[in-house]
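After this come two complexes, each holding chain A, first together with chain B and then together with chain C.
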Partner chain A sequence: MKEEIEDIEGIRAAGPGRLRNVLQWVWTVVGPFVGLALIAGFFTYLTRGSGHFLSPDNLRTIAGHTMIVGTAALGMTLIIIAGGIDLSVGSTVALVTVVMALFIKKVDPMLPESLRAWHAAVPMAIVVGILTGGLCGAINGGLIAGLRVVPFIITLGTYQAYRGLATWLASSTTIYVPSSMRPSWFGGLVAIQPEPRWLMVSPGVWMLLLLSLFLAVSLKFSLLGRYSYAIGSNEATARLCGINVPGMKVILYAVGGLAAGLAGVLDFAKLGGVGVPTTAAGLELQVIAAVVIGGGSLSGGEGTVLGTLIGCLIIAVLQNGCVHAGIPNAVQDIVIGVIIVVAVTLDRLRRGRAA
Partner chain B sequence: MNFKELRMQDVGKSFGATRALDGVSLTVGAGEVRALIGENGAGKSTLMKVLSGAIRPDSGTMTLDGEPYAPRGPREALSRGVAMIYQELALAPALTVEANILLGQERSSGGWLHLREHRRIAAEALELLEHPDIRPEARVGDLGVGAQQLVEVARALVSKARVIVFDEPTSSLSERDAHRLFAIIDRLRDRGMAIVYISHFLEEVRRVAQTYTVLRDGRSVGEGTLAETDERSIIARMIGRDPGELFPRVPHQPGEPILELSGFRASERGKPVDLAVRRGEIVGLAGLVGAGRTRLVRAIFGLGPVVDGRVRVAHSDDNSARPRRRIDEGVGFLSEDRKGEGLALNLPIEDNMTYPGLRRHARGGWLSLGERRREVNDWIKRLRIAAAGPGQPVGGLSGGNQQKVALARLLHQRADVLLLDEPTRGIDVGSKAQIYRLLGELAAQGKAILVVSSYLPELFGICDRIAVMSRGALTEALPLDHWTEHRVMEVATRGAGIDPSSSTD
Partner chain C sequence: MSRPGKNIGIVLAAVVLVGCGGSDEGAGSAPGGSSAPAGSANRGVVLIGFDASEALIGALGQGRIQGLVVQNPIRIGETSVKTLVKSLEKQPVERRISTGEALVTPENYKQPEIDKLIHPARAENVSNASLSGPKSKKWKIIVIPKGTTHEFWESVHAGALKAAEELGNVEITWMGPQKEDDRTKQIELIQSAVAAGVDGIAVAPLDAQALVEPVEAAIARGIPVLAFDSNLDSDRTVSYVATDNYHGGVLAARRLGEVLHGKGRLILLRYAVGSESTEQREKGFTDTLAKEFPEIKMVSDSEYAGPTFDSAQQKAESLLTRYRGQFDAVFCANESSTFGMMRALEGAGMLP
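Right, the complex of A and B next:
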């Protein structure tokens, strides 16, 4: 039937066409890579005397350093794509380490001897830790959707509250899990030198890569992914199209929380099985920085998993490179701050040209 | 100062590939009211922005009495004596009338305001408008729209404006306020001011203006004196063809009722609404802006509260349904706010088109993108959407093509009841004609269509029945032969606080 519709005015400018779309795509995807390459090249040059910077060992170290930030950043990517933000990530990680330590100490003695020999309390604690993170996220999402207060404020509140809860549960001290309750493989999860050697990098890094792949595929091919972009681009449109926006927010923040929970598990392993209520302070800002450097927009609707991973690497390379070049910590922080501003400014310029 | 004329010559302006203004020439002299007539999307608002200095033209010249006029912003425009009265009033509602009139033109010494002088200046300006009844110390937010508009005019007077541009000033006024405004414009003209009056209501243009310029697709396509021109030839110039072609009639037959409202109220101050829309018919909702039409259709779709009454869609009876439920029942809604709500501008066409019906392409939460793309391509072809491809962000399309994407969404979701809120606002004439024909075809397929529009010729051109809303009350939906445009306007403004005896001549 619609074949009959006359095209009276003729076709208007059909938009910029494919070429510009392709160029834009190249810039978006390749841009962060170029940034990473430049920074890596810069430090290779600075430390050319020692030649250690590009050694396999050091690359392994850098990859290892992205584990915790990267895992949490995957969740943050999803949240930022949907136009939100989560400031409570660091506090959630701390809470998770404390909960895990308390759980193992409490449950391990209650288990029958056969299970204790297998350190069965630890896998259970891992599940409990991840779920704790998920619960924290679900609470964030529930409050944001239910109270209709902006995510920044809600998670600023839970940022305080979760940290407080962690400190309170831990009675303001560090909770040590006796070494008899810790299996030997647990530390290996995050060991920079993996066992067996053919893994090349830490198991935690492999896990991060697998999860990244899963999230990237989900963003493109799942309802959840598409709905996240819709909500982040224009929440009113999402509502109009029958998307259950409040429900989606609870799910998104809960998924973000699960990622933070997993980051907490990794941190717990890295700390050597210790619950530390003060750990991961400021982690949320590193995580947000990684997403934003990778092309995520805090106004929502934009962001990619690949970009986020590159963002994590850029931060890790900067930190590692500064150590190798003997640049003091304080200067490191300044450099990272500058990089964030430069990355986002470049992104804005790109978009300004595109608009 | 002895002001003679404002002259625009061959003014052009492009945004990317879109030529918003393509050689516009316009002259308005002291003591003249020139109507600038054109459809939505013809370039009127771009022209306004050029005049006010909000944007700078790419080509052409503007002069005031022979002196070059190229304002770098509204402030400079005002200092040269060119003032704008925008459709959306630019007032600070929390401030007093007096503060608003002198906003940006405060008299002060050493940072301290001369409040007594302010009071005098404001009172003088209001006196000049013959409205000393508006108190300078009243809060602007407490005034009616008509009075607010006068405050804007007063502000222009205080700035010693010589040229005043009115942008569709009556769009939210009651009939009485509109007539007051016309009297004031007459007075300003007699005082030697040059007035540009933008509107597409020809009746009103005849009342207030002497000369006219027609704008279409960014070009001035005709001008002259109104006394020597008939309406039909102006309309033909506005739309670039015979009016009959704009509203192609596709024959369709009404069937059984599919959307029924009884005692339906969408707000506390709304009156109970009864309305039935049948398959295969197009029903129009006319009324003034703010009469409650948008609120009504949003409430039907579940985007706004339902205070009272019943909605029946097909056979299901569910008053407080959310949009998801309505979509599943076969109801589609097109928002009047295309950019703010209707579309996610930075997302691709295919996403925008398929959100409500996305689940259809999903198995266990995973999407079949190939299947979806095939359907989207099909709709792009059938609706003749001019785009680089289904992956192009919707924000890069022209208004008409954006609107087609928004409409295609309802077709993709397989809606049987279409609730369309201002479906042709801000789009070019060609797209309008295509959309009108599409609506006719959809009705012929047995879909029920409810159209909210503030553009009467459109309602008369496409609808089978029209109902008029005034202050939350809806008349019966009557066939077209029961209505004239004049009668619709009368009913629409009747409830707006005017006495019936003062209706139009």
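Right, the complex of A and C next:
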């Protein structure tokens, strides 16, 4: 089995020759970095009068603002590598915030006094939230594999359905968790200024970095990672090689869902313990944009964790920089749109030349 | 979308003027029976709304809307900036500043003082300053509305700019989330502004609870924060500058009672959960109805219009199909829901 996978890798690598391959790899990794540096440099220049843009405080803020998009984007990277897409991420996040809020409100009063003092309902809700995301993802994967309909359509459907479910569960309103049920550390999870100070950045950012490392290693060395690239490169070949493609899809989308669930937990903390069925609208597009800017290919088989993280940073730097420079929303959206198109076009050009 | 409404409004306003001769303030004592739409037998559904856009005023002129409670957005913007600067200069400020509200009806909307309220100056949605340059003025503050699409905010912006011009020592950056329910975006705006080194923040919180943490984090770093339009569950803000929303709801309820002659069936289309200002309006409205007009029955009061014109119209359309023929009047507590409801009523042919 292992050898077969290496064969696939071998077929992919055989074409252009070794040096070219190395150059291509360098460009894939360095390209987004250059983009990030250019954009950061541009805003530093625009805001040179205040000198706040590169201040540690602002860098902390930018890092903090990549948390939710970044966490969800890790899952999306895996899915996109395998040639899929998940449009239901934003809806999943909203559903998770609602489920968590309802769970805490329901479970907290039922707990014995000793557990309530520890706010035990909140850690339980975190687990429930992540699992809810995982379940959403597994349903996506199951439908895609079972119905053999393209992921775009299936997740377009669940994008509506999960949002609807969230709205229905929340009775079309917003669910507030009373402050007595919220532990003080919960907001600290996503606070821009971390406690203790030596953490430098928000605990959520550290979590994102650790997960990124974990995913990057998994992509490189685990079967999950290898199969993802194999399925994304050529699904038919992957199947012929004996990979259980439908089963893998369920697993991949479930993992993507778990990441979205975690993003939902972070959003819930950021919102100060409020379950909002309309939150994270359009998040999926930011997440997909981050992966694509970072070198992921929507036709599958390509994408790296590092690239995705850079993609997230590019989006966060743009949004933050526009606030510093006083550029209105509309212009921000146009700029992000242009960057996506430019990034993907450059990607195509590079590949065109290499092939 | 508001432009065409204006022309029609002018044409039909003339008709209304001929019809009822523009009775003034005394509309309360001499019931609106003289005005054709409210009294006649084939009248449609009575719509009472909140806030004024050109389209809504046009409809009011046609007698299709029976009343609008309007705020004073210019004064909200102006007072917010002035109060925040006062607090930056260590002068004492009031914790709660009310900026006034008024009822506009088809009878009184031509009066000069009302006209000024319903046609406030507006500012284009651009920032006149950035947080980037060296400080050219003494104070640099950011004003964060709930959204940037409603005309109401453009007038608040105009008021803020007016204050800045009058004070001369303050620079204003205007920046808000695009969607009026994007709490996450508003939180990030506050965090970015703090990191960009502003001296003060004026914010119209989208959510009384969700915005508490970022606001208190800013305050902890010595940046005063003022809430306008909608309040925050925190006692550490400098001040709260807004319409007396509860009283606005009271005004709306009294107008409705008057038009319906104290009897009828009503739909209340709420705006959004967690929006303190509109919840106060709805509460003022329902309290007054229960107290003063017990014979007006609520058919539905559990539906929410959501953040945009579209969401409001969709919700209104389904409400109208559900309760067709079972209600006489509708109240909506903000601009987008009033407009969405109006469009839905028009589509269903239920307006006079």
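Heads up, the rule we're going with is that the second predicted complex is superposed on the first by the 338 of 355 C-alpha atoms of A that agree within 3 Å, B and C clash if a C-alpha of one lies under 4 Å from a C-alpha of the other, contacts with A are read in each partner's own complex, and residues count from 1 in each chain.
One rule holds for everything that comes next: contacts are C-beta pairs under 8 Å (C-beta built on N, C-alpha and C of every residue); 3 or more make two chains touch, one makes a residue touch a chain.
Predicted, not measured: the structure shown is a model, and the values here were computed from it.
Of the two partner chains placed by superposition, only chain C is touched by A:T173; chain B is not. Within the superposed three-chain model, A:R197 lies out of touch with both chain B and chain C [touch as defined at top]. Looking at the shared chain after the overlay, A:R148 reaches neither chain B nor chain C. Of the two partner chains placed by superposition, only chain C is touched by A:P328; chain B is not. By the touch criterion defined above, A:I243 lies against chain B but remains apart from chain C after alignment on the C-alpha atoms of chain A.
In the overlay built on the shared chain, the residue A:Y229 is in contact with chain B alone; chain C does not reach it. Residue ranges of chain C in contact with chain A, taken from their complex: 125-127, 129-135, 148, 173, 175-179, 181-184, 187-189, 191-197, 207, 209-213, 217, 221, 272-274, 303-304, 306-307.
Residue ranges of chain B in contact with chain A, taken from their complex: 16-18, 241, 245, 303, 322-324, 326-328, 333, 335, 337, 340-347, 351-352, 355-356, 358-359, 362, 365-367, 369, 382-384, 386-389, 391-392, 396-398, 400-401, 409, 428-431, 433-434, 437-438, 441, 444-445.
Chain contact summary for the complex, chain A toward chain B: residues 1-18, 21, 220-224, 226, 229-230, 233-234, 236-244, 301-302. The residues of chain A lying in touch with chain C in their complex are 46-50, 52-53, 55, 57-58, 60-61, 64-65, 68, 172-174, 176, 187, 191-193, 267, 270-274, 276, 278-281, 319-320, 323-330.
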